[in-house]
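Below: one structure in structure tokens.
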Amino acid sequence: MSPDLPLNLADFEAAARERLSPQAWAYFSGAAADEHTLAANRSDWAAHRLLPRVLRPLSGSSTAINMGGLTLAHPIFLAPVACQRMAHPEGERATAMAAAAQGAGMILSSQSSVAVEAVAAAMAEPGAGPLWFQLYWQAQREATLALVRRAEAAGCQTLVLTVDAPVHGVRDRERRAGFEIPPGISAVHLAGLPPPPDSLTALLAAAPSWDDVAWLRQQTRLPLWLKGVLHADDARQAADSGCVDGLIISNHGGRTLDSTVSTAWALPRVAEALNGRLPLIVDGGIRRGTDVLKALALGAHAVAVGRPQVFALADDGAMGVARMLRLLRDEFAIALALCGCRSPDDVSRALLA
Amino acid sequence: MSPDLPLNLADFEAAARERLSPQAWAYFSGAAADEHTLAANRSDWAAHRLLPRVLRPLSGSSTAINMGGLTLAHPIFLAPVACQRMAHPEGERATAMAAAAQGAGMILSSQSSVAVEAVAAAMAEPGAGPLWFQLYWQAQREATLALVRRAEAAGCQTLVLTVDAPVHGVRDRERRAGFEIPPGISAVHLAGLPPPPDSLTALLAAAPSWDDVAWLRQQTRLPLWLKGVLHADDARQAADSGCVDGLIISNHGGRTLDSTVSTAWALPRVAEALNGRLPLIVDGGIRRGTDVLKALALGAHAVAVGRPQVFALADDGAMGVARMLRLLRDEFAIALALCGCRSPDDVSRALLA
Amino acid sequence: MSPDLPLNLADFEAAARERLSPQAWAYFSGAAADEHTLAANRSDWAAHRLLPRVLRPLSGSSTAINMGGLTLAHPIFLAPVACQRMAHPEGERATAMAAAAQGAGMILSSQSSVAVEAVAAAMAEPGAGPLWFQLYWQAQREATLALVRRAEAAGCQTLVLTVDAPVHGVRDRERRAGFEIPPGISAVHLAGLPPPPDSLTALLAAAPSWDDVAWLRQQTRLPLWLKGVLHADDARQAADSGCVDGLIISNHGGRTLDSTVSTAWALPRVAEALNGRLPLIVDGGIRRGTDVLKALALGAHAVAVGRPQVFALADDGAMGVARMLRLLRDEFAIALALCGCRSPDDVSRALLA
Amino acid sequence: MSPDLPLNLADFEAAARERLSPQAWAYFSGAAADEHTLAANRSDWAAHRLLPRVLRPLSGSSTAINMGGLTLAHPIFLAPVACQRMAHPEGERATAMAAAAQGAGMILSSQSSVAVEAVAAAMAEPGAGPLWFQLYWQAQREATLALVRRAEAAGCQTLVLTVDAPVHGVRDRERRAGFEIPPGISAVHLAGLPPPPDSLTALLAAAPSWDDVAWLRQQTRLPLWLKGVLHADDARQAADSGCVDGLIISNHGGRTLDSTVSTAWALPRVAEALNGRLPLIVDGGIRRGTDVLKALALGAHAVAVGRPQVFALADDGAMGVARMLRLLRDEFAIALALCGCRSPDDVSRALLA
């Protein structure tokens, strides 16, 4: 491999910093307040230590997983990231092409800068992973429903309701950079929908509740996941509600509330509380194949990566994202083997010290 | 918001460093000895991790608190800081105007460089928070009493006796800078009172004791708080004495004895020992809305901020202090919502990991 | 001692960095991925604290050990390191001369750039330590057997099968440097043997298993050790198998799987699980005589040093390696005495805090 | 106080670095190997957190202590440091003048560069602390006895046998600097005595044992202390032997064996094991009045300072040492008061968090 190409996910971040405008860099790389959670997301994966096994049979190894009836070539999803045309002219369409080529599931943001129909077309390839649609609750139920209907019509296979961001976080870096969405780029699905309330009081009054989740469950046959759960009691409530098909353990990449627990901290506690009742995806700070392995060891069925996808997109468009996914998957395959596992099913808590 | 305006409390500190003389900077920003406690006050809040709840009803949210019969728009006080005219020509009068505008309680230092009567006049606005008076024990009881009578006459609503500074701390940074109070500025309330003893032995002989607290209790009808308690046994003794109406958990901002426990460490232990018998305010290292939330989760009814008020005052006078208070209150309101709390009453230890 | 000569093992590393090509430096000094394990190997020895004893009889002190019937002048081995002619023209032959002069055991890599026969000749000196042969499992049993027969014929006294590297690790530093084995240097024992498979799937299918260990046990009368065990259950299985004569606790110097436990972490757990059933050598991060002492206190019978040998070789050939071994042995002798031990037999866990 | 004068003990270190030759700086400031113990000695005092008490009676405060029948103005001793004429032409005589002026006990090194008789003369002042004599065991008992007799004749009040240095430590910094004792300076008490053995084997054979302590006990009526004990079992043995009058908890300032426990770690364990059977002095890393307080809280009766005395001596001779002692004592007096203690007798473990 040429030493000039990115060798790991951190290389994409360095490359993107060169290519993105300072405003876009601040938006994509920054997080809330002092960015303690951003840092903890990363360092808490790194702090887990592996205790590998040796001399186990490795013939017929595979990275494939089965999650809630869905078979995937590997456990790596693309997390929802808004307005990717700020990173590359092709935006989410390029990301989707890479996801299709690498068999990765893609969770499209409802704030996508490319229409879901175009993204779905780019994903319509043999071997492609699934396309899921991330939903921000809108102040009016009809507006929320309009987004659901559009996602259904485009063929999205799952709805992912974000529940950890009733208000925008205190993003100092983004504000200091004077970030605004550049002209010519917008959240295309929100065009024509009412804008969000402009006072904190009104925003909070419009925030979704468990009642809204129950209502949403009635409106669609698509599987419904919640994204942004950290507390074991909330996870239990989700399972008890009967309305939810899976959870994404997430703190929004540290972008909403600073100094929350890291997702590596929350994951095993949620997994223990659920005891297998719901499938789990985790995002936040996953940068190495060993992080993927550790996430599985701590109870996740799959992981999602957010910032690395836009950094790779900024670096080299669809090729960059595909290379990023390939690197991460290869690292994961090697980590599996070096821990003595033939497949993700062999991964357990016993691999962690 | 313009990216040039301070975005958070740390920005005021950076701005003040530019504006203050090296001597005033050393005085306000420095602390005792190696400043370990100064650092621990900050880092121990940051080390607590939040475990937010999702999908809870947020309609009708408010930051208002009720503390010992007093209703306040939010739980943020201004801690006593001496000689604020070193930071800005208007000194404590400007600080008081900002406190009034933002509904913050102000605890005026007995070493104020502006007379309490002028400060009280600046606080006489609709919606203003309460004005409290901080008391340093004087070597003679009559001198102490003179300060009490003046505070009462000016309309102060509570007396706050500082108990953690029978002697001045070992403030290396301040001494290295050759700090002296500049000409034209003085602790106006102390004019005409006897100067403090000039030997350590005499200072210690004049230090206040529990007997003095009991005596002071007899002299005034104002509520009496103690400031500078860290040990749970001292807190219990205060409650048992029947002389004390509340406690400020404080280590004097790390300015008296270096390497004490941080206030974030002491607070939950004191709160547990008291079990609600006395209201608690905590100061030391509070710089973020999440710190306010954590303080409430650990048992405080309110917080006080010291250095940020003088840094903001140095930066932009009353406007600066008002902006600082507004930023902190807004961050607190957002943190509340993102933790699933409709009001400070919903905050509990369960929000901390 | 001249202050220009290396005073400790770190000095050899600094000297080697000056002398090696950037590619060779990256190869020898680098490790897998983010090199967390490389760092932990070092820092975890340093973190152990000694609790020395005083006034004990020290007359007749010695560093000699007895391990599985073998008497050695001291407990320091040279770990297998590939292709040492990249560090010095004389390569493994110079290293062997130093090992012989200092009474150190040498574990020759099957990827040696000098033939085992020449290395054995260099070790044929009075007082020399033993020559062991490290074995990488080859995809074909016949190829593996050919290596075994050659090692036997050359007089190697023990076989050491590496079990922690069924695939090459993700070595970012090495790849970034564009490392390739330079022209004129090669792994001479592998000439004429089939090359390793070039796909991950095929590599994993060819990886050794416990069955292969049992088969290998049948092929030779030499003692058989496993290198690369970290998990106590694998150690138990090795002892239960009856096929294994000793274990080298190793994570391959952090070069295969990043973020494994350090060897200082694994050693006491393996030692406790085995309870003396197998002799143990540990490598990874040993740089000081106190590290050797700590390793013995945690249950090892001896230690092995990898990188320091090539750094010393690069610095000054056989003289450098001899000096490195002498420094480490002297430091160990002094540490023994300062802990109140007359011999390695006196070392126990009680010396650690 | 002028901001140019040293404000704390660290200032003396900075000043000494300017004044000492690189060789003398390396000798006095350096320690063994990687200097982990040197650092831990300092950081482990700093890591203890104080939990001060308030409103306690402070009238009649004093720093005086009583230790084994000896009344001292404060609990600060000067630890033995060799060849102080390398720091200042007046050497140990200047140090003794300062000790006398500040009422500090002085433990003179047997490697003093000034004769004990001259030092004793300098200490013969009203209010001076006691003069003790530190003893390195000599290879011949007669030589040891000659040192004892000279110390007795000079009026030394206690013998302190160093037990943690049967061999010289691995002092890399000192060796790298090419340190040698400069011409014209020597350990004057050792003139005419046989030089130490020049092989490690012979050195170890000549090291003192418990039997030698018992012999020494028979030779003199002076109280006999041991210096260099860290292990609780050694402390118990000292008490059980009936030969020992006190212990100095010390790791030789980190100068003999690197990576031992810090003295702050060892002290409370030794104190608990002894339960008051022997008085304890602790040295190593004491730099602040709060460190003195913490040492007393952990069970020491007094502390000793080594490097600060030579740094102060290098900075300003006897005046420097006197100022250093005064600063430390004043800091201690203030720390006592701020913790609510009227005297060292009030200090207990309860002051530590």
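Letters A, B, C and D mark the chains as written, and numbering starts fresh at 1 in each.
Definition applied: contacts are C-beta pairs under 8 Å (C-beta built on N, C-alpha and C of every residue); 3 or more make two chains touch, one makes a residue touch a chain.
Everything numeric in this text was worked out from a predicted model, so none of it was measured.
Participant: Going by the touch criterion stated earlier, list every chain that contacts subunit A and also contacts subunit C.
Facilitator: Touches both subunit A and subunit C: nothing.
Participant: With chain centres set to the mean of the C-alpha atoms, which chain is at the far end from subunit B?
Facilitator: So the farthest one, by centre of C-alpha atoms, is C.
Participant: Can you give the whole-Å distance between the Cα centres of subunit B and subunit C?
Facilitator: Distance between chain centres: 60 Å.
Participant: Please work out the Cα centroid separation of subunit B and subunit D, and write it as a whole number of Å.
Facilitator: 42
Participant: Give the residues of subunit A touching no fewer than two other chains, as numbers and ranges.
Facilitator: none
Participant: If each protein chain is taken as a node and each touching pair as an edge, is the resulting graph a line, ring, star, complete or other?
Facilitator: Contact pattern: a closed ring, each chain touching exactly two others.
Participant: Going by the contact rule at the top, pick out the subunit A residues touching subunit C in the complex.
Facilitator: Residues 1, 3, 7-8, 46, 48-61, 288-290, 294, 330-331, 333-335, 337-339, 353 of subunit A touch subunit C in their complex.
Participant: For subunit B, which residues are in contact with subunit D within the complex?
Facilitator: The touching residues are 33-34, 36, 40, 163-167, 169-170, 172, 175-178, 200-201, 204-205, 207-210, 212-213, 226, 228-231, 233-234, 256-262, 265-266.
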